[in-house]
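Shared between the two complexes below is chain A, which pairs with chain B and chain C, respectively.
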Partner chain A sequence: MNDVAPRRLTLTVFRYDPRAPERTPRMQSYEVEEADGMTLYIALNEIRERLDPSLQFDFVCRAGVCGSCAMLINGRPGLACSTLTKALGPEITLAPLPAFELIADLSVDTGKWMRAMSERLETWIHAREGGIDFARIEERMEPAVAEAIYELDRCIECGCCVAACGTALMREDFVGAVGLNKIARFRLDPRDHRSGNDYFDLIGDDDGVFGCMSLLGCHDVCPKNLPLQTQIAFMRRLMAAEGLKPSLKQGDGK
Partner chain B sequence: MLVLFIWGHMLLESSILISKDAMYRVARFMDGYYVFGADYPFLITCAAGMILTIFIVHAALAMRKFPESYRSYRAFRDHMATFRHNDTSLWWLQVWTGFSLFFLGSVHMIAMMTRPGDIGPYESADRIVSEWMWPVYALLLIAVHLHAGVGIYRLAVKWGLEVGPDPAANLHRLKLARWIIIGFFLLLGFTSLGVYIAIGIEHRDHKGEHYVPSWEHGTIQINEPKQAAAAVPKTSQLAGGES
Partner chain C sequence: MRDLVSGALSACIAKATVIATGGAGRLYRATTNAVICEGIGTVIALETGLAALSNMEAVQFHPTGLFPSGILITEGCRGDGGLLRDVDGHRFMPDYEPEKKDLAARDVVSRRMLEHIRKGNGVKSRFGEHLWLDITLLGREHIEKNLREVQEICRNFLDIDPSKDLIPVYPAAHYTMGGVRTNPTGESPGLAGLFVGGEAACWDIHGFNRLGGNSVAETIVAGMIVGESIAAFCDRPQNDLTVSMGIIRDFLAREDAKISALLTGGGDEDANLLRIRMQEIMTEKVGIFRTADKLATAVDELQALLAKSRNIGVRNKSRGANPELVAAYRTQKMIKLALCVACGALARTESRGAHYRDDFPRRDDAQWLRRTLAIWKNESDTLPTLNYEPLDVMRMELPPGSRGYGTKDDHIVHSDAPRRAAEVEATRKRLVDADRFAVQAALMPYDHLLPPDLRVRNERIDGSN
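Let's turn to the complex of A and B:
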């Protein structure tokens, strides 16, 4: 039994619904009693169930896998479902992630941003020949390569890295760490036959890897602890070498 | 390249901490005396002009990253205020130190280009004290070393310099090295500036007179203003040559 009285937490939450523009953006405070093992996700659910059913926020998995509940927690991007309230002070401020279209309150449309980024960077396997054949058996891959791809594929597209990136907030065309990590992932994949030149066309400019100012916000907040700084630095070196090549050749540059 | 120049410059100008003669030798070496057998101050003009050119190119390239509108300026400022993230805030510090270097750095480099012969223990000290350049140099020291230290750290992070196998420990080491380097050069710079100021105050009544090294009048001098050597115009010492 824990004899210490539970803390009273004050959650100050950004409230605004763009579909009701007559109501101006505001901060609204709620008090909840802290429970053992309470996460912000649980606290928000309690607020919605007991205090204010109109409060809007996203969640799906409740286990740090889907990335839906990403928000600014005391100004720092993070996942509500994997943030324990005991790690925070009694006054907690919650706001929606910047850089993404606001749906309402803490809910943002990361999907729209991610899709646009994905289409722009063509984040899918580009096979040179053979077309799509679902009956064909996939080529074998070295376990070490598969591991390396999986490491980068752990990205859940929560948007924390974009919200923590000063460059992405200043320049909406910047692809962000999530985009650069995707390219690093496909570059590793032997099934993707794009050349270094092809990748250079996608991220070899100031909207891509050369726009990164190395502020490390992405690296420091990634809920999956992805090695974003090392991946971006690696892609920068690769793209710089590609850009310095006297003649750009077509074909598989891997 | 600029950072290496700044650090080299600091090590050379801090030769005043050894002795006035040491600084005199460095100044004459930079004039080409020990290579060509005579002083060629235009070498300083050329070097300062080259550094100024690189400085301008660097500034032009860096400005690409500046906020390009009030909206993006506000976005970054608000982000920095709410995020309270060290590396993000340090970038803003780089913007401001870089901006101040437009003025402070340019003043110094143009002075070196136009008066290349006025570099020496007394000449530099006179410029710092009697010509009231010490506030400029004090501000320049702070701005340039913060800018250079944070800049070289960011360059190391940007290109993935590895100083160990573990990426997290690697970053930690780079951050630590950043502050150690900044602290070292600020300490070195301000100590040297203090010595120049002391010499400048001592030499205030003889402003404009050039330094004569100890071997030209037979006394050994180790940074003791009370035992300051007799000063004569530089033209006569050059005419007399080394003894």
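Let's turn to the complex of A and C:
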């Protein structure tokens, strides 16, 4: 605790509602007094409660685990809920994530984008023919494998990596680091019986791993510190090798 | 249904409706729950006047909410050897619970923490009092490997390093054991075609005290069982719908009028202030320690708040996306739900699981082995109507007994319990050579309640039959 007078923060926020296009996009500034332990979640709610009930933004878990509150914080993609204002200067600029459909102000529809990506990459376990027999005990998994999967499964689909990606901003169908990381995750999973060739069909093109320009903004901004750089490099080598294989091959490539 | 992005109201006509909207931790000021856990789906069921809510007074508090935000610090911290400490750095749990110490049940630890603070051992801060969770003794390596999320939370929200610093904690509302009363297929007994699953339901998995890990398990199992039941329900021709357009029109008009009243009715109550007041009442009077006095005051105050909530006004008059409007109608609903919790807690003159009455500290199976059912009969009511439904001990596989609360577990026994316990024992003896499926069928058959595809003989890890 300190007794120094609290800072006055100026939050300058992007305002635009595509459903009310007569009001053109603009920046609007709000002043709040900084409090102990203040995060952007607290600051934005205070603005909405006291200063401007029309301001739109999203928070769900407010604990850094759901990914709803990603936005550009001073130009850099990050989670607003887990950003302490004391880590920032007194002038804070907030804007919605690019690459996603704007709902209004700071609120974007990452859900729609993520769903489309998931459906395209089929980001679920593809069991063997015949499916899973619920009456049988599940096969055991080596703890090391479970941990390796968990490491990648920590992705919260916040969209920061997509917003920070040069390719994603140019190619609408690029699956982003989030998509490539998902494929890396399912490839590790012994319950998923897709082959290297199957994965090649999903990400072996310019909308997949070969679209990556290796700028690695994704890696720098990931709030979960996922090892995106190594995963993308690894998937690229794997898919390049897969692409060179004679195309007749079938079966389980793991 | 109101589209939060466009503000459009629309009616969906369906044979079956599913509510899976989660718990209602946001009735309290400090909660581990997400901001969307407001219990709105539960109230939508309540507002039908037909579906009953069951055991809403059963609210679990997690001992280690981060202070003051309530963000959950996992139980794994104590599981791995972390300790609770007071203002003097003293490890106090063994003083109260010599056997289980820091690892006692969630409700026990939460109560002991409050008790300890009340005795003057809390750490004072500008946001109020708290205690410490100490995981420094686990070492940086362990924390980085096994408690990485805890480390992230501490760094992100408090800018502290839990391998060096103590973590400020205080119990926070965590889980809603109560919910919309359902039968085994997930359907509301009061309203055919209404199905409920997950934390929003009271599907009888958790009783008055959920055990850690059981809730995600419930969502998965409910997904399988309730999901299949809904599909079967919709397939049955007798469940075909014939609906009058008039009913739909009237309903939409009524909901539209409610929105209009908030936007242009000239009300002058501030939804945010009412909500904060409700959370304070719930936290102070319907929280971890409950007494008749406090609960009765809470019911009065919540009733007054409900009346005020009918006079909420909003500044932003947009019918489209309008977060203030959303907060307004949700606050009205949440106060109703808060009343269900408070009324149920006031009426239940015993302690059971997470519901703890200072004035009635014993569990009383003789009087209270029954579920609370709350319904909201008329929109104009200011209180829920409570009914009770006894549990049939004679059909239980595990008749009520001691639940491991140590020496304090001197509950008042239900008259059927010893009889049923003897019966179960005799059945087990008689079937000592039979397989577990025969034993299950003799003690508590449930196969007939399952969707046909799930009536299978599950394998067991130990290979037992």
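Basically, the second predicted complex is superposed on the first by the 246 of 254 C-alpha atoms of A that agree within 3 Å, B and C clash if a C-alpha of one lies under 4 Å from a C-alpha of the other, contacts with A are read in each partner's own complex, and residues count from 1 in each chain.
Operating definition for what follows: contacts are C-beta pairs under 8 Å (C-beta built on N, C-alpha and C of every residue); 3 or more make two chains touch, one makes a residue touch a chain.
In this text the structure is predicted, and so the values were computed from the model without any measurement.
Student: Using the superposition on chain A, tell me whether chain B and chain C clash or fit.
Tutor: Chain B/chain C on chain A - fit side by side.
Student: So, A:169: does it touch chain B (first), chain C (second), both, or neither?
Tutor: Only chain B is touched by A:169; chain C is not.
Student: Go through the superposed model and pick first if A:72 touches only chain B, second if only chain C, both, or neither.
Tutor: After superposition on chain A, A:72 lies in contact with chain B alone.
Student: Centred on chain A, what angle do chain B and chain C make, from Cα centres, as a multiple of 10°?
Tutor: 160
Student: Does chain B (first) or chain C (second) touch A:193, or do both, or does neither?
Tutor: neither
Student: Taking the superposition as given, does A:7 touch the first partner, chain B, the second, chain C, both, or neither?
Tutor: A:7 sits against neither chain B nor chain C.
Student: Of the two partner chains, chain B (first) and chain C (second), which one does A:236 touch, if any: first, second, both, or neither?
Tutor: first
Student: Once the structures are superposed on A, label A:120 by its partner contacts, choosing first (chain B), second (chain C), both or neither.
Tutor: A:120 sits against neither chain B nor chain C.
Student: What is the minimum C-alpha distance, in Å, between chain B and chain C after the two complexes are superposed on chain A?
Tutor: Superposition on chain A places chain B and chain C at a least C-alpha distance of 15 Å.
Student: Sort out for me which residues of chain B touch chain A in the complex.
Tutor: Interface residues on the chain B side: 64-65, 67-68, 72-73, 75-76, 79-85, 87-88, 91, 154, 157-160, 167, 171.
Student: Sort out for me which residues of chain C touch chain A in the complex.
Tutor: So the residues of chain C touching chain A come out as 5-6, 34-36, 68-69, 71-72, 125-127, 149, 152-153, 156-159, 224, 272, 314-316, 318, 320-324, 454, 456-461.
Student: Within the complex, which stretch of chain A touches chain B?
Tutor: Chain A reaches chain B through residues 72, 75-76, 95, 98, 164, 166-167, 169-171, 206, 212-217, 219-220, 227, 229-230, 233-234, 236-237.
Student: Which positions of chain A touch chain C when the two form their complex?
Tutor: Its residues touching chain C are 1, 17, 19-20, 36-37, 39, 48-49, 53-56, 59-66, 82-84, 86-87, 103-104, 134-137.
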